[in-house]
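One structure below.
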């Protein structure tokens, strides 16, 4: 299935390696994004509905039409413990596709969070439940249940391609998608990067300049940088 | 008075039924919006200046020109205890029409909150006062006092029509306007809806799917939904 | 140097008068902006990365290209205790030019905060450090180090001109720039304004209307305001 | 009927005075807007789909839900020769609610144009038909026919309140709404304004300055304007 | 290759069936989008740089970083006669990635057009060349050549997934992507749809209402529509 | 005068060298922007009100408050034959600060065009006059004449700093500002660049790839680019 299709629910998906997901959950979005070679990031308009929200898990995906959340109920059945639901919409919509009732259902089914390229509502309740949601908008606007979308097809969400089973990592810095096939290697690269950063942080704290630590002075001079008084 | 007019202050307005306002104050914006048949919602760019802000009350309205807050002082006199001031602007403006001094005056006059399709400032002070403000922007930009607007005429605020006396309900999900003439029936519909939701919430918590609870499976199948592995 | 230039680092700049900076740090952005005659304000899209962030200090400026934060390391060396780094970009960019490592370096060099017309990342860490950052966006997107910009040249940041040494004041209401040459007089005007406000606040608290306190009734009548019932 | 309602088609509406409509059709949007006292203007995001589009006529109104154009077919039946259809949506939508087939139907029923706070498509065909459309977006996205809206109720369109029968004037400068009840007087004021402008234009062409023609020099001096060299 | 990768140029791609491309080129974007089941549409911010621009062809894709157009030269070599270049960017950018020199090269290589989720420049020259470009922005901002992207990997462009070889159709209504694997069947569906429309158009021209032609009256009544006077 | 000030009209300004202006007028915005080292560009939201608009001349500047165009009449008097008026606003505004009467006056005074970080109106008339205007918005909204701004002070317009006398070049690609002090050298650099481009264009037309013409292959390989089939 190489493209978006409507009216389909894929029940069997291959989730990313469990231990890779667990490892990736220890890192922030910026670190994972760097470990991937600076790919997979959703647009910065995706924001957590409360400060400190954080989630990491394999994606079950859902594709919907603007103003129609029918498939949210269909995707609920496909959730396995630890999954993150990723919702794309076929055109721009800020309506409230998701609220406290669906959140209750998702939690009961084991979902760890929601990433949606549209609006959500009942954010006070969702915050009280500490159910992490990353969305494009907050809106009380109700949606209808009239048109079929799909579940567990590839979706584009906030500018990023998400295949079912891919790992989604989201925190205050945004949302990044790690393809299932490279999750292990990205987790390792993230760990390496973070180890590397601890040492750098200590030097910078001591007042060492990045100019010296990264040996940038020569490159800058070659590029023509001039110091004047 | 069927349309917007300038230079007029209407002193006598018919506020929505008091007990209806009191009842509506117990519900969130999403519930009230649904109870109204999904109407009356302002655009989602209207946000509270602090998390958890909530207000419900009859509207006194004010219409101003961009960058000119003269009428804010005129509307202050028309506030009665429990009112919410709703401010529309004749063209787009993000300037700071309202700050801590006006808030002090509004509170002294009995206002319960402000909904404004423009910017406000002194948000730290307003937050400390716990005076709920819902606005399009936060901006320190000062305004002038040069041109007449009106008070207690119908205004369009963030895409919603607000007549003086209508009930305005605002919380983290946005702002909804309930026409005074249907406030009682909307309050009842909201109560019915909420009663109804408690039961649904319990079922969903127990793991029952919306697919089954709302009996959606047949409709989805009729629409052509296909499950594949 | 009357215009933007690339490839230059100015090491000697004249910072605004120290006691003026100290005085200005006691006032909010709205007060300072009014004291300046309503000038110097950055666009309202500049927001603090955490509620309550506040900073005041002389600007060291840096001009960068979109997606390229090389000069951030160059500006770090020019920071003196108490400075605020102000970063402009030659075209629109939401990428994450600044994160916890650079923040660690800036703090070690004595920087009090950052104002940047682009994105930043690691906002959870920056918040934990209580390092005040005011930015256009939050984004994990990494940047490169390929092209020269300049340090301590005049920059346009979010619509405001900032010369190195100017005082930058930023809080929940936004960011305002006070030219170094008028910092003393603006600080005095701000103090006068604030003194003046305390008295007004008391009157308004007591229920006096702005209409009477500011003697607006006559002007409104002359402008044609009509009261109807 | 003082507020928005769903599921209603009002067949009998009072259209603005015919000769007033005819008179208003001779003036541009800016002139009419000024003649109304600077009210009634829609947001500037409303743009004609082709340069030079111009329309003036009484409004038949339609209220729809995002992504659902069912009521477009309902409003078609209510069109009388010379009417302009004005379409509001209960939440933000950029989908294509209108294309060449509906345009063919509207033209057959006598419509002179469409003003819609959403998207339209087939703009090449609409341009070839020279059917003036003013919209928020151009989008090929198809819409569904699932939910009731209303016809000939008051609607908010792009920030302006439109009652059925009001006169809508639209050209390259945007869209303005003239309440039916004041159409005659606004048409007269517009004519007076335009007559007045011809004389001014001649003077300005001859090099007379607005400063002198409008006698602004004294006011500017009193306000403190200083000329320096 | 199931996801975006950097530093790769795929030389061999399977382009959509030639005759399907030829057939699709006869239809507008709205028709093709409908024929696909309302999928594959790019966001409506993608606009032609001149009115009447139209293009249809198999996609060669290029993925770039913000502000860096190095890969544009790499993709030029992969163009075959009739191709449309589709360019995605790893983060938001409005810079001018493409101008008259690259257009000259693309034309020489046989390209029929460009679809780019960023900015372009020299639009006067591109218009004179009648080289159809669909972009997010127009900007003179120059780009650098510093970082690798990829050619002929799947890219997300303006919210749509584009695989190399897919058919891209673009006109005044926007841009739609037809997966290569279903191009034949979509072309047929488009033809059927258009044939069908000619008949409808005639009826509507004759004054038949959509209400009757589509037999909507019963459904509307069942949904509760009420006619009042 | 190193910063923005209100209430001042500077009558004597030093305009950029005449022959440099004349030379610059032969080049497009992209060429001039490149010749400046990729600086001085206004934001891409600045658009011409008609396709093909082009202007080049020394700037007379005006600073205004949102919704207040009083100073437009003041700046009219300071225009000399060949000048381009550049208008900045102290906060965001889309109102119509300029229309056909002011255009008539500006033309009579010798102005060649207007660049304004706000809205304009009467665009049909301005187009008929072929008076080139580059603006942020088109809006019929009228402005008032209540508050002083300044004339011929440095202004920030759409993100660019403009000093009076600087050369402003604007065309379909946007607007660029050349500081008066470097106008001669930028004109020369632009000429050199354009001469250089003619040769490149010929080669590209003949099918030579940029990869070869710019000798990029080695650099790409060093950066790790891999070709696969």
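In this document, chain identifiers A, B, C, D, E and F correspond to the written order of the chains, with residue numbering beginning at 1 in each.
Throughout what follows, a contact is a pair of C-beta atoms (placed from the backbone, for glycine too) under 8 Å apart; a residue touches a chain by one contact, two chains touch by 3 or more.
Note that this is a predicted model, so its numbers are computed, not measured.
Student: Give me the set of chains touching subunit B intersected with the set touching subunit C.
Tutor: A, F
Student: Quick one: which chains contact subunit B and subunit E both?
Tutor: Intersection of subunit B and subunit E contact lists gives A, C, D, F.
Student: Taking B-C as the reference interface, identify its repeat among D-E, A-E or B-D, namely the pair sharing over half of the contact pairs by residue number.
Tutor: That would be D-E, since it shares over half of the contact pairs of B-C.
Student: On a C-alpha centroid basis, what's the spacing between subunit B and subunit F, in Å?
Tutor: Here the centre of subunit F sits 42 Å away from the centre of subunit B.
Student: Report, in whole Å, the distance between the mean C-alpha point of subunit E and the mean C-alpha point of subunit F.
Tutor: Measuring from centre to centre gives 31 Å for this pair.
Student: Residues of subunit B touching 2+ other chains?
Tutor: 38, 41, 44, 65, 90-92, 94, 139, 141, 147
Student: Go ahead and list every pair of chains that touch.
Tutor: Every pair of chains meeting the touch criterion: A-B, A-C, A-D, A-E, B-C, B-D, B-F, C-E, C-F, D-E, D-F, E-F.
Student: Please name which positions on subunit C make contact with subunit F in the complex.
Tutor: 2-6, 37-41, 43-44, 65, 90-92, 154, 156, 159-161, 163, 179, 181-182
Student: Where on subunit D does subunit E make contact in their complex?
Tutor: 7-12, 50, 70, 72-74, 76-77, 94, 96, 99-102, 104-105, 107-109, 119, 121-124, 127, 137-142, 145, 147-148
Student: Show which residues of subunit C lie in contact with subunit E when the two form their complex.
Tutor: 65-68, 90-95, 139, 141, 144, 146-147
Student: Per the contact definition, I'd like the list of subunit A residues that touch subunit C in the complex.
Tutor: On the subunit A side, the touching residues are 28-30, 33-34, 38, 41, 44, 47, 51-52, 171-174, 176, 197, 200-201, 204-207, 209-211, 214, 216, 219-220, 223-229.
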